[in-house]
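You will see subunit A twice below: alongside subunit B first, and alongside subunit C after that.
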Partner chain A sequence: MAQSIAGTNLASNWHSPVAEPVVRVYADWDLDGDYSDADEDISGYVLRVSIAHRLLDAVYGLPVMGGGRVSTASLTLLNPAHRFTPENANGLAGTYASIAQRKAYRVPVKIEMGYRDAVNGAEVLTQFVGQVENADPNERAGQRMLVYTCKGLDGFIERHRIYSTVREDQRVDQLIAHYLTAAGLTAQQLDKAVTTLPFAWANGEPLLDLLRAFAAADGGWLYWDKAGVARYERATHWLESADSLTPQATLTGAVATQQRNEALYRNVFSSVRASYTPMAHGPLRVVYTNDDVVEVPPAASTTITCEFTQPCSTVRTPVVQTDYSPASPAGSDMASHCSLTMTATATRAELTVTNSHASIPLYLYRLRIRGYIIAVGDAQEVRAETALTLIDGQRDHEVSNPWLVRPEQAAFVARRMLTLLERPREIVTWTGRLCPWLELGDLVTVQNSAQGLDTPAYVVGLHPSYAGGALRMDAELLPQANVFPGGDYFTLGASKYQTPSDRVYF
Partner chain B sequence: MTTKLYRVGQSAVTVRDPDGLQTARELVGRRERSLTGDMLSDVVASKLRWTVTWQHLSSAEWSTLKAEVARTVPMTWQPPDEGGATYTVTVAEWQTERTEFGVTCSAVLEQS
Partner chain C sequence: MAYRPFNIAIPEVETGQVLGATMLNSYGRMAGALLAEAQSEYSLAKCKNSHTSTSTSYATKERRWIVHSKNTLFYAIALRSDVNSICYLRVWDQTRGVQLAELQHQGNTWQFYTGTVANAFSAYANGDIIELQLQLRTAVSGLSANAWIFAVGQQGVINTWPGVPAFADGTTSTAQDLNDVRDCLLRLENSKVPATATLLASEPMNEDVGDDVAHTIQNAVYRYRGNRLVVFVEGFAVNGWKFWVDIYRCSAPSTKVGSVQGSWADAAWKWHGLDIDMAALGFTLGEWVRIRIYYQRLTGPNGGWRRVVAYRSGAPTPTWSTPRLWAEGDTAVGNAELSKLASNVAQLYAGGALELLGQNIATLAAPDTVEGDGPDRACTGIHRKRWLLVKQHKSEPVTLTYGPSFSLSETLPTVREDRWNVFDMDEYELPYGGLYILTGIDVALESDLAPVTD
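This part shows the complex of A and B:
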């Protein structure tokens, strides 16, 4: 959704023959949540900025389900007198522990870009919100620079792994909201998903991968916008959002310096197969057995991690003499000196065994854990075949996602993917003056009269940059034609059931 | 008509008025042609650049001037005939020539 430019003259200034670029960069050195402190406006040191926001999948070069790539920014700063150098106690490192101790790692960064207006002065919009990942001082004769490599907020759940209990009958957006909030990412704008998953849990996979798999299971995508807000957009979002229905800018040759068109024939498929695995409540089963003896020293505790053989919706705390037998080295019953606490998730449990006897060690025999399993059925397949005859022979694409659990879900996902992949797509890369309010998913009109190009297209990649005093952007654009082959889809919350009814998805 | 050149934040130093003064405006930014051939100008700032010449400086005048033009730190520059307006500059380069009439110095000052 395009950023608001109400009250500004950015719409005219961005394609003026003479523009006055403005770049503002802030770093929250003291980690207090604002950029208002001394030294936090580092705009005066900026040499170059390069930002990337992409919905494009790295393999397909198309916006496919799940999400794109993590947003990045590269900031090249002048570093006079080693001002930003982490090892220099006479620079900012002498004031801010975030620089001295962590080399600015995870210091929040905000980048704004825009143009100076003759009446209103500087008019800027946020282009990136993220955190520093690397700080690389770079010194040459006569020039000291430092490059900060930054990642969007999504980059910091790339390696965030969690284990959770099972959440039942939750919509995909509810699941995304739950896990994002638990990870501390509360800035969210999530479409209401169509799919409700009967069971969902986290099993130690990277959280970003998990959330994108949820999104893909609903045919949508999860990404972070320029202001650092997590956005889940369902499959029909581009048919429903005003900014994806009406062009938000016209990208003409007058402010373009380069244009490339890439036709992606390599990713044309004649069919898409999507497999799904049904899930249901299962019976009470033993999901963990410890064949070893657990030894607990006198007046001490031992914690063991128990990995389950199957995910469980509910786990029972082990019962003495049923699920374990505590005994002394001589074999006498130690139940009165043994206590056991358990913290369980869907796929593992942490068991803490405490021996309250002051002098006798405790041995735990035949430990097991029982739980109500989630019964996962055999994988079944749904196939969508193209009716087009654009390529020779059969080329199959396979969709695999553990959260595809229903046939209608798989059918929808297969059909949605086939729609994207059954014909060669063209990606137009437009390079020119930065249009600062565009966001991923916005519709624009791209024009090049010499080429005969005048078409609406979705923004699927945005690369704002600043170098040599000029603001530029590489905008990757997916022409709108045939992205949604129908045109009369049932819009959630807007369409009314009628005769004849609108389509529901595809 | 007074000409001054001194370190920013320090006591003002009056130097002799120059005999030649060229002022040029530079647009900082980028200019390039668009796909339609139109000129795209991105202007970050407009900065001044002075080429100043002092001819036949006496030893005392040169001594005062040399102490200032030789500095590599931000300087305050008050050109003559601008009603006392001052600019922060750096001395980008300077050169001298000694003759029987004294020292001739030419310096380039760039606005910060």
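This part shows the complex of A and C:
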């Protein structure tokens, strides 16, 4: 959704050849949640900025389900007197522990860009919110710079792994909200999903992968916008959002410096197969058995990690003499000296066994854990076939996602995917002055009379950059034609009940 | 109509959202699944003969079991007493040791009581197995109190009903319209659909009756829904045998409404059935019906019966509108199609022609110790729920028999003869809607919930 330019003159200044570029960069060195402290405005040191926001899948070069790629920013700063050098105690490292101790790792960064208006002065919009991942001083004779490599907020749940209990009957957006909030990412703008998952849990996979798998299971995508807000957009979002229905800018040859068309015939498929695995509440089963004897020294505790054989909706704390038998080395009952606490997730538990006896070691025999399993059925398949004959023979695309659990859900995903993949898709790359308010998913009109190009297209990649005193933008654009099977879709609150009515989507 | 458990999610929609065929179909599928739940064949539940007590202390007359899924207790019971005494009947929660309901009646004619007790089971979690006891006593020692316990169990309740919207052509759509339909469907599904399926627990079989007189072989109950009642009996007698079905209203348990019979001659064990037109007997939707099935050998030598199957059957009612199967590109989002959905949903609600009868009847043993311990205890039923719960009889093998002419048989791998065993019926070839026989059991029932089993 395009950023608001109300009250500004950015709409006219962005393609004015005389508008002076403005770049503002902030770093929250003291990690206090704002950029208002001394030294946090580092705009005066900026040499170059390069930002990338992409909804494009790395394999297909198309905006497919789940999400795109992690946003990145490369920030090249002048580094006079080694001001930003982490090892320099006389620079900022002497003031800020975040630089001295962690080389600015995970320091929040905000980048704004825009133009100076003759009346209003500097008019800027946020182009990137993220965190520093790496600081790379680049110092040699005659050159003293430092490059901060930054990632969007999504980048920091790329390797964030969690284990969770099972959440039941939650919509995909509710699941995304839950896990994002738990990870501390509370800036969210989430469409209401059309899919409710009977069960969902985290099993130690990277959180971003998990959330994108949830999104893909609903036919939508999850990404972070330029202001660092997590956005979940359902499959029909581009048919619903005003900024995806009406062009937000016209990218014309007059300001374009380069255009390149890339036909993607290699990614055309004649069918999409989506497999799903039904899930249901299962009975109480033994999900963990310890074949070894657990030994606990006197007056001590031992913690063991128990991986379950099947995911469980709920797990029972082991019951003495039913699920384990505590005994001394001589075999006498030690139940009165044995206590056991358990912290369980869907797929594993941490069991802490405490031996309260002051002198006798405790042996725990036949330890097992019982839980109500989630009964996962055999995988079944749904297939969507194209009616087009654009390629020879049969080329199948397979969709595999553990969160596809119902046939209608799999059919929806397969049809949606097929719509994207049954035709060659052209991605137009447009380069020109930065149009600062555009966001991923916005509709623009791209025109180049020499190339015969005049088409509405969705913004699927944005690369704002600043170098040599100029603001630039590389925009990757997906022409709107045939992204959806038709137009005039039935929209609740706008369309009327009647026959014939507006059309329904998949 | 075969019934298959459903796992359908209906999305909640919001203003500005584009309507999809998948979501529209989910409404229709959910409504269709509820219709199937209501209209599919289902087994009658075993009903014991009336009980008598002359003691002023409560004595347990029946033990029943149920998988917890709803908080409300329901009962359908007839009481009678000596004119100079009072009959007391209480529903006792044996699992928690608390009284759930107590009924009393004075008078020597049968009085039929139906009712509910809210929150009777609110202390339980879904899947808990609850043992109920039905206990009877009289107010004056030596004077009789009688009870006929037709059904007791759990029932869902719909406290508020949002009502189905009108989809008038020419009016602007709203998300609320569809969310109301969703709400109705979910309330019906969550609150009224049985989570357990009744199996008909057999009374003791008799493979050689040794006489030519009538023998009661099964009592059973159900709530009437149009219009057929099917009864099969496995029997034989070389020189002829017959079975017949006497039919009563539970509201007047002594007054026979009708009787239907058939007769055959079989040199070997054979199943024979009667398909009874219950509508002709004047029953109305939801009425509690009791049947009693008799066997009689016409002449000797030899003859007897083994199993009994009894289930409600009936054609789908013509008042149901087949929902549209939506596809991308459809342009029929108007009153003509959407009102079918609304009308179907309204019919499923209380007072509708297709009202769901959502009671989960607590099941009886087959047979219990009073009825006589015997080998090869059995129940019969129609497979409707995924999970089969079985209490094994002693160490007898539990055998599942099903398929064409009951020609397929498997021994279930029971592991605990003193506890409930749970089987995933999806692992067997028995389709939903298929008839089967279980032998070697004390108690058996089917459930949507894989229950607590220890």
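FYI, the second predicted complex is superposed on the first by the 489 of 506 C-alpha atoms of A that agree within 3 Å, B and C clash if a C-alpha of one lies under 4 Å from a C-alpha of the other, contacts with A are read in each partner's own complex, and residues count from 1 in each chain.
To be clear about the criterion, a contact is a pair of C-beta atoms (placed from the backbone, for glycine too) under 8 Å apart; a residue touches a chain by one contact, two chains touch by 3 or more.
These numbers come from a predicted model, not from an experiment.
> Just checking: does A:E20 make contact with subunit B only, subunit C only, both, or neither of them? Give me first, second, both or neither.
Touch partner of A:E20: subunit B, not subunit C.
> Check whether A:T195 is in contact with subunit B, with subunit C, with both or with neither, and answer first, second, both or neither.
So A:T195 only meets subunit C here.
> With both complexes overlaid on chain A, does A:L284 touch subunit B (first), subunit C (second), both or neither?
Second partner only.
> Applying the touch criterion given at the start, work out whether A:A494 contacts subunit B, subunit C, both or neither, answering first, second, both or neither.
Second partner only, subunit C.
> If you stack the two complexes on chain A, which partner ends up touching A:P485: first (subunit B), second (subunit C), both, or neither?
second
> Taking the superposition as given, does A:L31 touch the first partner, subunit B, the second, subunit C, both, or neither?
neither
> Give one of first, second, both or neither to describe whether A:A450 is in contact with subunit B, with subunit C, with both, or with none.
It touches subunit B, and subunit C stays clear.
> Regarding the shared-chain residue A:A97, is it in contact with subunit B (first), subunit C (second), both, or neither?
The answer is neither, since A:A97 touches no partner chain.
> Subunit A residues in contact: does subunit B have more, or subunit C?
The partner that reaches more residues of subunit A in the superposed model: C.
> Based on the superposed arrangement, let me know which partner A:G469 touches: subunit B (first), subunit C (second), both, or neither?
A:G469 sits against subunit B, while subunit C stays out of touch.
> For subunit A, which residues count as touching subunit C in their complex?
169, 171, 192-196, 198, 234-236, 239-240, 278, 280-284, 322, 370, 372, 375, 377, 406, 408-409, 411-412, 415, 485-486, 489-506
> Taking the touch rule as given, give the residues of subunit C at its contact with subunit A in the complex, in rising order.
7-9, 11-26, 29, 127, 167-175, 178, 326-338, 386-387, 422, 424, 426, 449-454
> Show me the residue ranges of subunit A that touch subunit B in the complex, using the header's touch definition.
Interface residues on the subunit A side: 17-21, 252-259, 432-433, 448, 450, 468-471.
> Subunit A touches which residues of subunit B in the complex?
Interface residues on the subunit B side: 28-30, 32-36, 38-44.
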